[in-house]
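Labels run A, B, C and D following the written order; every chain starts at residue 1.
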Amino acid sequence: MNMTSASKKTVYGDYLQLGKLLECQEPYSGSEQKPAHDEMLFIIVHQVYELWFKQIIHDLDSVLDLMAPNPMSEKGLCTVVARLNRIKEIIKLLIAKLDVLETMKPMDFLDFRHFLGTMSGFQSHQFRLLEIKLGLSSCDRVTPSKCPYAKDFTSIQQEKLNATETATSLFSKVQEWLERTPFLENGSFSFKLVYKEAVDSMLKHEKKRIESLTGLTEKEKKMQDLRLNDLSENYGKLANPEIYDQLLREGKRCLSYKSTLAAVFIESYSNEPILHMPHQFLHAALEVDRLLSLWRFRHALMVQKMIGTKGGTGGSLGYAYLIKTVEEYQIFSDFHDLSTLLIPRFLLPDLGSDVKRDLGFFYKTT
Amino acid sequence: MNMTSASKKTVYGDYLQLGKLLECQEPYSGSEQKPAHDEMLFIIVHQVYELWFKQIIHDLDSVLDLMAPNPMSEKGLCTVVARLNRIKEIIKLLIAKLDVLETMKPMDFLDFRHFLGTMSGFQSHQFRLLEIKLGLSSCDRVTPSKCPYAKDFTSIQQEKLNATETATSLFSKVQEWLERTPFLENGSFSFKLVYKEAVDSMLKHEKKRIESLTGLTEKEKKMQDLRLNDLSENYGKLANPEIYDQLLREGKRCLSYKSTLAAVFIESYSNEPILHMPHQFLHAALEVDRLLSLWRFRHALMVQKMIGTKGGTGGSLGYAYLIKTVEEYQIFSDFHDLSTLLIPRFLLPDLGSDVKRDLGFFYKTT
Amino acid sequence: MNMTSASKKTVYGDYLQLGKLLECQEPYSGSEQKPAHDEMLFIIVHQVYELWFKQIIHDLDSVLDLMAPNPMSEKGLCTVVARLNRIKEIIKLLIAKLDVLETMKPMDFLDFRHFLGTMSGFQSHQFRLLEIKLGLSSCDRVTPSKCPYAKDFTSIQQEKLNATETATSLFSKVQEWLERTPFLENGSFSFKLVYKEAVDSMLKHEKKRIESLTGLTEKEKKMQDLRLNDLSENYGKLANPEIYDQLLREGKRCLSYKSTLAAVFIESYSNEPILHMPHQFLHAALEVDRLLSLWRFRHALMVQKMIGTKGGTGGSLGYAYLIKTVEEYQIFSDFHDLSTLLIPRFLLPDLGSDVKRDLGFFYKTT
Amino acid sequence: MNMTSASKKTVYGDYLQLGKLLECQEPYSGSEQKPAHDEMLFIIVHQVYELWFKQIIHDLDSVLDLMAPNPMSEKGLCTVVARLNRIKEIIKLLIAKLDVLETMKPMDFLDFRHFLGTMSGFQSHQFRLLEIKLGLSSCDRVTPSKCPYAKDFTSIQQEKLNATETATSLFSKVQEWLERTPFLENGSFSFKLVYKEAVDSMLKHEKKRIESLTGLTEKEKKMQDLRLNDLSENYGKLANPEIYDQLLREGKRCLSYKSTLAAVFIESYSNEPILHMPHQFLHAALEVDRLLSLWRFRHALMVQKMIGTKGGTGGSLGYAYLIKTVEEYQIFSDFHDLSTLLIPRFLLPDLGSDVKRDLGFFYKTT
């Protein structure tokens, strides 16, 4: 910036520590012979991954910090959204990067693969940290990677992983934040009630429609009844807290009733100015999760192509494991099909002017 | 690889030298205060650039090596094409990366810009090397960057730049290779002649067509004559070597007559198996050049957004300079509009079976 | 949706009118002979363009409608941002689409190009409408396309273009909306004053810094003075309305003083919740403009490759014209380097609590 | 093209049949009320899909035609590769397009979803054709879509599907072409033998290495033996035709022994000029398949977000079905992990000069 000049002359290469940075690429295949040409690509691709992981962690940490106060300020929310959106863009880049790695043919990889020994991307400490910070706890991990820390990491690294596991994750922060949504019950307005009424009315209307149908075969009639039943069961999950809690106990849901209700509320009225940033926040958190799934899938395809389905030397961490994690490591699995709980706008009441006015006050007191 | 285990236990983090690599990010804004959050992104984005530049140089160097023998083997050509295509993919990634950088708002940049002083991406030694290796000599550079080496680089860096300038570039290698194309004159076949005849026949046919038009106004007739003239002038460039050489002397063309003729030959008959790899090679070299232009343009847009049109502290290296380089730093400018010299297939003679058989021998003797 | 079943059976193909849609591809090269294989691609690529243009116009029209009320509601603003962001995504796709078109080689294009006659993408009525709706008036157009409507369009199409020119464009809507920004002057707070004071203080501080420098050569001293002068001139543009208005009269600025000041205000305090959506809106409008420039550039590169620099049969609408439009057809050229007018946060006063409270009321009365 | 002017004046809009094309968008939600704004997007997104499907089929048909002659000419192979690469680029675009569709929020979709009734993308006739032409036969389909043709398509459409099923698919063409590879047995050279010898030598060497290890615990020793066993079993599949054929009978492999051996040969020696196009062909076919998987996955994520996991009205064709097809509908599943059968170059013999000379003759006789 032109305002204040730095006192010492600044040089691009010093600032970026290029001397050091560009020294870190030493192909193992070069130890005995002319290095395999493509090992450089292999190293640089993975180093670039690690640099981006550092950036993601940098942004994620700041997100967790900004979400620490209760209540989080609206100003903080804006910044949180911006940083989650940055993480999204970075993950998109990580996905695109696989196109570069795949310019290496499997035969080219075989030229140096035996120098890599038992090494595995699974040993990336930063990626593990990142997963934990998002909310993937070690007990959620798919076998064989349930507790492989001790083996793959140094004791300092292991301690850091443990400490991160006990700290708050994005998952729990999102849940807490949703549970604190101040508009769910507002004077005479109760979204819980509003939702239940909309569901009941929807089901009643649907039942009447079915009864009015004429000329149905027995089979068709059964189908219609089945559909009505499905509908009732699906929306019943959220309309009845006790059913929801049962699902929670059975491990079929991960997030609390209150936070799920709040998410449905935010999505239902996301066009209200006051709910716009909350909607963007929720959307950004889900997109980070979805893009990570997409990266996991794309990465698994690459591994299948390069190494095949036989897996690494350990015999375990190959394609079969990776493809399993695509769905199982989603943090917000409850919310990826949130739309099954949504009710169309024409069946929802307008937020009354009282609610809207009160929502307005929220800003005033910030 | 499962065949031979490495003798020592290999670890991901050691291999990638992560200890060192992840230590290289030290925000200047942190020297006096809490660092500006977004400076980390700024550093990492540029470090990732430099890692990719290293990879591009690695591939480009091998391309130049593979092209050194005269004649280059067909086997070498395949590898050259693969590596140029890799460079293409990397540049696509560099373009995509700007989406990540632009998650930083101009106001966020101002939070730490003054710490950067007179630093400039212009000081990237690797990028300069890369430009020279492609074929951009220092005398082609747009002012104010004509000879700024002495100022921005260390004497070792400067020496390396000088040495690179005197070494062979991709540009000159491509020209040489084209000039050696063995099929242009082959027994009774002469592409130069074939081309000239096709042009003459095309012009004669067009002239007849114009003369046969009836009911044209004076103005319309003039237009038609102008078009015929244009056509004649355009194709005449290549049909007449002396005209071409005149253009070369005037600096309106960069590549020799013979290499241009060869390029038109390759494109014209690129469906012939023997010309398929040459076509892919030419295409890959041009695409690297075009994608670099695209990156320069995209990068200039980003600079305009972040810094505006006022330019850096030097007052000179900002948007105005960058946008100028988009077109002026194209290496193969002669070939980007090669299609103006192409003649439709239906006006070209089939390559005779003699030529085709002889072309076949080429492989045999490899 | 499961709630109300459509009364009649709905079928995918009927809904999308596929019978009709998939009948619209008739290669001209097929009139006399076996059609050139790649003409199908050429047709489909351009039809897909037109479908997306229809969608962009659909969204743009709704944006203009939503911006019609004075003041626009905050709820409307959210929707406007969402739709501009959709237009952004569509333009990204239009850019990506060129990769598909470029799988056609110039020689393949020559197989059917002569069947296309004088046809030109310039005759796209929807694209012209779109440009006008964004704010590109016919008098801004680069020759030779200043007033070519009469020639290229039917009279009904021409009328629609004329009507659109007289209607309100996004450009003028954005200007109006900025001029109405209610926070620039708020009780004792005046951003105009705040800005001027920050500029003065910055210049004073810089002057002192320069005077305190010792051991400068005469030349270095001159350089420093020049820089100070530049700084003063640059920020003076906005600090002094009369200078700004002079620039406006000279055609060096396009947008009014008040709207530019408002834009700088919004960017400066974009982290304030109340200014977050305005910031997103401004950003989205600028991004649409920038992405369109990027498309124009990428499109020009494609034309250069396919047709060369000779241009179309008209001799005028080729690469040279297209590359000119990249910068000249930017709608918000004033704002693309807005950052030159921005002042770092540490030189700006915090918005007082009075202002913040009053900003809060804004929502309340919506 | 400037050579021959079309006799009649050609107009862009007529050529593209825009009058008709731009009439095909009629939102169902508009039948009773103001149409839901986002239904236009929904329609256009799907129409654009269908246009691209038409193009893919156009290219795929030409690929199948070019592969009909036995042997296919080398010239034909070049064109086949180019067209498969185009299909790749189109599928990349189809994936990117989902970003545009997802600018529609689930709540926006609910505004018109009930008008769509039982309609499903599953009713896309062109997509079904495309799947069959690639090689997905109706008996490979996942329930519930095994034989749903009769219900979803007209009888003419159904007939076309049936006819396509009986015609040759890309899958069988690739298999046939591989089986005809003329270099597997060439004079004294037998790749089958070469492969078996390399595998035996690799296993012997590995066995010796294990035996020479000292200080291993019983458990570590067992692990090493297991690894050797795995290795032996994996490579044994291809080294022993009878084992391979057994796997084929058990449905664990899809492609014949000979074609798999040929694929391994091509990949192993892909740097030989004569094998370069065959390698590109194989690679392009696999990439089309992989990209389609990626599209299926990305599409399933979108459906999960928009509709949730409950599925369509039929209750069956939702996310659960779609996610299943990602892996199960891969055509070349045998080849996606081909790398498990590859042997590093340093264990493979150089192709003798005899083989190389003979390979040269191949071209000559074309």
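As a convention for this text, contacts are C-beta pairs under 8 Å (C-beta built on N, C-alpha and C of every residue); 3 or more make two chains touch, one makes a residue touch a chain.
The structure presented is a predicted model; accordingly, all values stated were derived computationally and were not measured.
Peer 1: Keeping to the contact definition above, tell me which chains border both chain C and chain D.
Peer 2: A, B
Peer 1: Return the chain whose centre of C-alpha atoms lies at maximal distance from the corresponding centre of chain D.
Peer 2: C
Peer 1: Over half of the interface residue numbers used by both chain B and chain D, so same, or under half, so different?
Peer 2: same
Peer 1: Could you state the distance in Å from the CA-based centre of chain A to that of chain D?
Peer 2: 29
Peer 1: Provide the C-alpha centroid distance between chain A and chain C, rounded to the nearest whole angstrom.
Peer 2: It comes to 32 Å between the two C-alpha centres.
Peer 1: Let me have the rounded angstrom distance from the C-alpha centre of chain A over to the C-alpha centre of chain B, please.
Peer 2: 39
Peer 1: Would you please write down the residue numbers of chain B that are in contact with two or more other chains?
Peer 2: Touching at least two other chains: 1-5, 105, 110, 113-114, 227, 230, 313, 344.
Peer 1: Per the contact definition, I'd like the list of chain A residues that touch chain C in the complex.
Peer 2: 1-5, 74-75, 77-79, 202, 205-206, 209, 227, 230-231, 271-274, 276-277, 344, 347, 356-357, 359-361, 363-366
Peer 1: Which part of chain A faces chain D closely enough to touch in the complex?
Peer 2: Touch list, chain A to chain D: 105-107, 109-111, 113-114, 226-227, 230, 234, 267-268, 270, 290, 293-294, 297-298, 301, 304-310, 313, 315, 319, 323, 327, 336-346.
Peer 1: Within their complex, state which residues of chain D touch chain C.
Peer 2: 1-6, 8-13, 15-18, 20-26, 28, 37, 40-41, 43-44, 46-48, 50-52, 54-55, 58, 62, 82, 85-86, 89-90, 92-93, 96-97, 99-100, 103, 105, 110, 113-126, 310, 313
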